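Structure first, then comments.
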């Protein structure tokens, strides 16, 4: 039985599970710590997989369907491993008005990756962000965490090409 | 009454199983009454080949599945006073629309290519060009009366047509429902 | 910390500053940081060291100065000997590390670097009234001492030492402050309701889930002046009797989260948070909760569900959070900017606050001015200023010689306002009379190169994606409206489609469970109202649409064989 | 005879459609209306389960307010005047039904609950004779992995009755909703096939509370599946008795 009330062992010897366990301990292993715990999983592993869902469900005594229901409600939590590089394209209004829809289309077409997806060679993940709050620099793309602003069309395409070579 | 003053009545069969027309025939002896009251100017049940002008009531069975269906509907709408979506396929696209979620291409491949081991080929001559999605009649033309049911019962058809001929607006949903 | 200790810190900071000749302030908020401002600060530091000016020149990282489009911004403040003298400042724009030697040389010679200089008499600076943002871009947000030096936490001492909770609420009521998150509900009234409920446990939540695309006021406040928000929260907690607080902030704002965490720790260490705050019989703790990418969590009941670790689906109100909020306890929820207004109200009095603004909308409002406008950035203006002043004076007009078409306020819940209403004063009532809303403060300028149908479609896609899916009208209605707008955009719509669209606007607005659905039709309603021609121009006759659609979508069976 | 039972709880008197009615103060407008044989349509609501106010069909007007109120979660109040069938409400209800029908692939003619379906009968009652909105026609699966039951997502209206009965009555919480918005879906456990669920007790409560043919017993053909609900009030009263 998956929810027999006993605290489960860590899924593996991977030290990152201890970070996840620590997040749950901070919340007294109470169900209300679910989202905090998922953040810890995401931060430690880069995504939330089945093993993590199962471990969290057992540890916090939250029914499996509820754990998955919460995880899939919030777009921050990724269910698949991300690529070596992550390109975040802001689709906030200011960026949209300044032409980021074209940048999004360009990356999708040129690199054969859909929004929220990763290329088959696991090189590039594409994320469409709701608004990163840097509207003053619109349009904005974030290349591996580095915010690049005010570049449109060929300029941003060139920047992305350059960045992918690194 | 002379033929000339009788309401002109038609029925049409698009993408459906003809069950609605069968139910129409189930009106039995009332069909004789109806024949006395209207002039049947076009129907799969009669021999006329072309849809005439100035039709008062047209019953349409079936969903809209092909380019040809659209052309027919546009013409018939222009020539009909009271257009009736007759049965669930006309009203909701119903069973014919069950292919919609899969897309036309996948369905054609499944039916004509993957399921036929001997001579797999898709019929592509003479047959009308299919739409990607089957849609209800009212997506293409304005519909005046809807008769849900799969098929609507003979009793329902009789009541609705009878009311219309009597110049009254029928309360269709008191008589039938989707899937009835 | 006691009041004496507070004053001592203040004095110490002032003396330290008195030793300086120049204070070089480099913006380190998200906007400028992404244009490499930290490297600029490091280069300046290095140059100061090489010129041996450490004793008299201080280089520090500060928060947002507002004109994000021209970042990185560097402000040079000549320290005044005379207390109370007007500040003597100079602003440099688009600074790179390579500019550092010239800037530092300029300090030594007293000659500003002309090529970098930004004129401070531009209306962008002179037409603003900075109240909430007064210290943003001036203080180091990572040092509590900087905040204290500018009078920080004095409002808290005043409230705790001289005022009863009821008097605090009275003062807030007198100020006329209304919720800055979008609703515009009178803050004093809300506080009073929570204060009146008897309960052993009450919660206070600061809503920093700024989800409107095109809005970044709250991020900027949290990054630039985090203690201002914390002080406002503590005063609020004292007023309503809350003992536990949460800041619910978007995970997409890592710098804001970091600064807020740091500020909470500093406030705890100083005794502004914790048990018996400042020696009073009042205890209050604050924790941060991270949002996880769901716009609907800006809705208060969804936000509370999220803090409780559940799906962020709103629930019907009543009961309101004031009666039954977090874990069923009375809860006060206010937005970042609302809390940030509180210390000033307590310190200077509600009456003084109410002198700024219009009859029903008091004080100032911060806007994120973006889109097709020359000066994109963050601005703070008195309520009642006109849209024209904001866009043409502060914003410097429309770039590239294009024509103004509309200004969108309030994000996905707001509407598009056309040119004929540019002289409308910006306040809650006037904007809603035009079919838009104040919202949290996003203000996006649209020029004649954009199709208003596409703008409406953009927002509808947002609402569709962000709908929680609980209630039927929002879940299905936004999806249907989006599809209809796509048809208009593609020129495949019929008159029947227009009727469907208008009916849906009415249905979704009136029957949705929460604010997201109730306001989702606004961008469509307002564009239909002011730019109806654009919709009508796209309408075709059914036979045209279906003739074309049939040829485009319908495939000859033979084609299947070819592709299979 | 007053439908309000003898109780110490305060009673509120008010009007529904001009008729004087009374109800206990903890009752909802919906409960009060039904006790007085005034019909307000519902789909997500089921007496015995918590109310969520999700389907919006039970919205009513209260005189003096421009807002609409979901009757299932709005408590009765002294002196209010409730209207349940204004022209506006009738129009909205019909539109809501159209939206529900347009969302997934509802084909009554080939459905196991044809003739026993709340969605179907509610549409008929509301006079919905066609759906003006384009059908979205999503591609959804049918999961028949369970030994006794099956779930056809094409017919699910996301009312969450299954989620609530499983959580509140059976207390297994096998069901929940994943995703959000138009992409929402009811799931068992970690969205694995229902038959592989480790928490499902095979009790069938979810199947019987489901208002449509989304959850059904295997082996039932078109129009053969009628839902049995008598267990619900019984279990609710047993629970209340045990708490007392």
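Order as written gives the chain letters A, B, C and D; numbering starts at 1 within each chain.
Methods note: a residue touches a chain if its C-beta (ideal position, glycine included) is under 8 Å from a C-beta of that chain, and two chains touch if they have at least 3 such contacts.
If you're wondering where the values come from, they're calculated on a predicted model, not measured in any experiment.
**Student:** So which one's got more C-beta contacts, C-D or A-D?
**Tutor:** C-D
**Student:** Taking each chain's centre as the mean position of its Cα atoms, how many Å separate subunit C from subunit D?
**Tutor:** 39
**Student:** Using CA atom averages as chain centres, what separation in Å is found between subunit A and subunit D?
**Tutor:** That pair's centroid distance is 35 Å.
**Student:** Could you please state the distance in Å, as a whole number, between where the Cα atoms of subunit A are centred and where those of subunit B are centred?
**Tutor:** 51
**Student:** Report the inter-chain centroid distance for subunit A and subunit C in whole angstrom, where each centroid is the mean of the CA atoms.
**Tutor:** 24
**Student:** What positions in subunit D touch 2 or more of the other chains?
**Tutor:** In subunit D, residues 132, 134, 177, 179-180 touch at least two other chains, as defined above.
**Student:** Going by the touch rule set out above, which residues of subunit A reach two or more other chains?
**Tutor:** 66, 69, 73
**Student:** Residue numbers in subunit C touching 2 or more other chains?
**Tutor:** In subunit C, residues 294, 311, 466, 468 touch at least two other chains, as defined above.
**Student:** With chains as vertices joined when they touch, what's the shape: line, ring, star, complete or other?
**Tutor:** other
**Student:** List the residues on subunit D that touch subunit C in their complex, please.
**Tutor:** Touch list, subunit D to subunit C: 52-56, 59, 68, 70, 73-74, 92, 95-96, 99-100, 102-103, 132-134, 136, 157-158, 177, 179-184.
**Student:** Could you pull out which subunit B residues touch subunit D in their complex?
**Tutor:** Of all residues in subunit B, those touching subunit D are 85, 88, 91-95, 97-98, 100-102, 133, 135-136, 138-139, 143, 146-148, 150, 172-173, 177-179.
**Student:** Mind listing the subunit C positions that touch subunit D in their complex?
**Tutor:** Against subunit D, the touching part of subunit C is residues 294, 311, 315-316, 464-473, 475-480, 483, 496, 500, 503-504, 507, 510-513.
**Student:** Can you name the residues of subunit C that touch subunit B in the complex?
**Tutor:** The contact residues of subunit C facing subunit B are 542-543, 546-547, 550-551, 553-561, 563-564.
**Student:** Report the residues of subunit A in contact with subunit C in the complex, numbered from low to high.
**Tutor:** Its residues touching subunit C are 31-36, 38-39, 62, 66, 69-70, 73-77, 91-94, 96-98, 129-138, 140, 146-150.
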